[in-house]
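Here is the structure we will look at.
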């Protein structure tokens, strides 16, 4: 018997059975929900995100503030770029790292930042190949650890909790939103899901269709700890400050 | 970790004399417990969520063999590796061997109680591998050479001065104590350097999702994220019970976990890992290893009275609600898991005979049951363990009661089996105690209640029992409601 | 005012289970309980053979000793019909919530115990259910605070009724107790076996009681009462610990109108 078989057979015995029983459907878990149901839930989540976009943006703004984001509202792309450049200048930033989220090129961000004399780099390897090698990865890590500000868009946001959701992938590194002492996330209406239920419905649908990403990060405010005398302090390992720039309808 | 459950009373006594620690333990009530109460009150469907969470866990545990198989299949399908460890020693050896074969120099650890069962950090260090705890609280106690004091806040018992002495090389006792901000930034800088050079991480698992082979890691600090971003190898360790069936279940479980643990609506970070990094990602681990450990959990599983304890999602709410924990602190419980849940699992996992003071060290107030996000009935299990420790019925080797105690309860029973002897017993008690009483109260009672009067006055039995009083007024009846 | 309308048909006759602690240590509580129930128009019987519900032995793990005593309880009380009223949340909880565990190897006894338990009520729970918490219009001038007994609130889910009953006592100034729902540290044998821990928990409770400035602290369980009064006496405090039945009895008695003194 392999170790696995022995281990699991021990569990079966502890359960008082002689063989593994397939579970009958349990309503509390979504495990036996059909693929069809999962797709419908995901579609419904996206529909709500669009139909109630403005309402959800307001909810998101409030929840984000409650959980430690500094929330900024701008109404056009130029203002968004200027604001972000200002924030970077406020940190005396010399180098800034950003992801390849569409919104970050839809606004004149690179120009606005470079105009203030700050270098802005993109988290995407310059190698046109599909895979990265270890020296590229080492470079990427160094870049993230030395950047003063990390800027991303969002893959989703969650109104219930004030959360920004990122799926690391080519063009969106794991560290760009973690290593620099400040993180700026740019959000547009239509990107906000109502609650954790909708997010995980989307994730489940992705899984069932085989498109689940390698990892996912839910970010709800700055890095914090209360481990010393129960006093909350931000920036123990991740960003000390996080900014949510909400780009309103243009 | 070597159990020291026999030391419960003496360690409790030490904490009770330590004003600094008792003051720190207050945070557990005013911070965590009150936070949890408020979060529950602010969540309209809180009770429904608890009911759902319990149903999910009950179901999963009842089919643990099925879901373990599914989890392993899916982790491997995602190019991850799974190792099943019967006990802590096996798990520890596997991880050390892995570190050696992959030529690992620096291991970063994110909070994991399972890794405490293995005493992993110490073992790695003994093997010449740098192993650094990255959760700030865990880092502090690692520097202090101690074990965690609480499930969520491992260093809650440490004062700022003690922390400064551990973190700040330039600090000596007597200097002005650096502020919390300063100390935190100091830790950030130190641990940053470690993150940058780490080549392997060991994290815990808050939830392992069977249907997709994913794991979820919940932190506020971001060390969980660092652990899944920087090193080339990520090892996740879990107790075999930490499974949920579906990705969709995460929304319920995360809601009840986080609100129960700290009162937050959500933690700063939740990371879902679905295997090693994808080939085109710029960073992330090349390898993902999941170590699934038993270490005695099969005993809890096989025991119908104790199985419910496997539903635990390690939120710490029971600790925060417990009037005993708040006075005796985490170390009194003598093993990895303190507080009410510790009092239930430690005896089964490490031996009831030595640990019998744990289930007895409770006033049975039920606050733990009331706050548990998955409604675990801890008091019922405490009573079950007390029975086994008192009478050894399920296993004579477990009996820990003294002859004196057994005789005491035998005579109690005799005294309760008839009304005449009940009245007589009262009369004897009064006869013996009246000479040492004043105004109906006793300052120094004899055994078996002498413990009481160390700190409180003890009441004298009444001159006449209620029955005698009522009989005198012709108000008592027999079972046929006949008055005399 | 009671929020839930009392739709239960009112009984005319009830049986009192005093509990061993009331019977032997604080019989005045038993007499007060009877007074209040009679005030509500009930006939109250006291079965003279009663002793104990067996909770002390059960909680200490000595189930083989608890079993016969608990069985005797069932045998005694199943002989009478109608509601059984108990001035103790923990004893009521023992019968209703734990007899099935104690008797689990004897399904017939479990069934018999359930039938007794189904009509067994804690004192304030009983009044709330059948009469409403405004049924007693008493008068008593004094200051007091209320401690929530753990088994009453958590095992039986009886939280508001005692407070509402006390609110209805004219002249009784109630001050809320900080951390009212935190244990007093009694826990039965725990208070004797681990007196240092029990007392540490108690001291926090007593500090909170003294901080209210009230003359009295009211509770619904004699275990808590003895723990708190014993501790208050030891620290030289004049605060009196009183059972809610005694308060209510005094409030409706024609003789004592002011002050609360335990007999």
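Couple of notes before you dig in:
When the chains are written out, they are named A, B and C in that same order, and each has its own residue count from 1.
Note that in this section contacts are C-beta pairs under 8 Å (C-beta built on N, C-alpha and C of every residue); 3 or more make two chains touch, one makes a residue touch a chain.
None of the values given here were measured: they were computed from a predicted structure.
A centroid comparison over C-alpha atoms places C as the chain most distant from subunit A. Counting C-beta pairs in contact across A-B and across B-C shows that the higher total falls to A-B.
In terms of their C-alpha centroids, the spacing between subunit A and subunit C amounts to 54 Å.
Averaging Cα coordinates per chain places subunit B and subunit C 32 Å apart. For subunit C in complex with subunit B, the touching residues are 18, 20, 22-27, 30-31, 34, 45-52, 54, 56-66, 68-69, 72, 76, 79-80, 98, 101, 150-151, 154-155, 181-183, 185-188, 190-202, 204, 226-227, 229-231, 233-234.
Within the complex formed with subunit B, the subunit A residues making contact are 3-4, 6-17, 20-23, 26-31, 33, 38, 41, 63, 66-68, 123-125, 130-132, 136-137, 140-141, 144-145, 160-163, 168-170, 173-175, 178, 195-197, 199-201, 203-204, 207, 212-231, 233, 235-238. Chain contact summary for the complex, subunit B toward subunit A: residues 24, 27, 31, 52, 55-56, 59-60, 62-69, 72, 82-84, 86, 134-137, 140, 153-156, 158-160, 163, 180-181, 183-185, 187-188, 191-192, 195-196, 210-212, 214, 220-223, 225-226, 228-230, 240, 244-251, 254-255, 262, 264-284, 292, 294, 298-299, 301-302. Of all the residues in subunit B, the ones that touch subunit C in their complex are 9, 12-13, 16, 323-324, 327-328, 360-367, 369-370, 380, 383, 385-391, 393, 401, 405-406, 409-410, 412-413, 416-419, 422, 426, 429, 441, 448-449, 451-452, 454-459, 461-462, 464-467, 469-471, 475-481.
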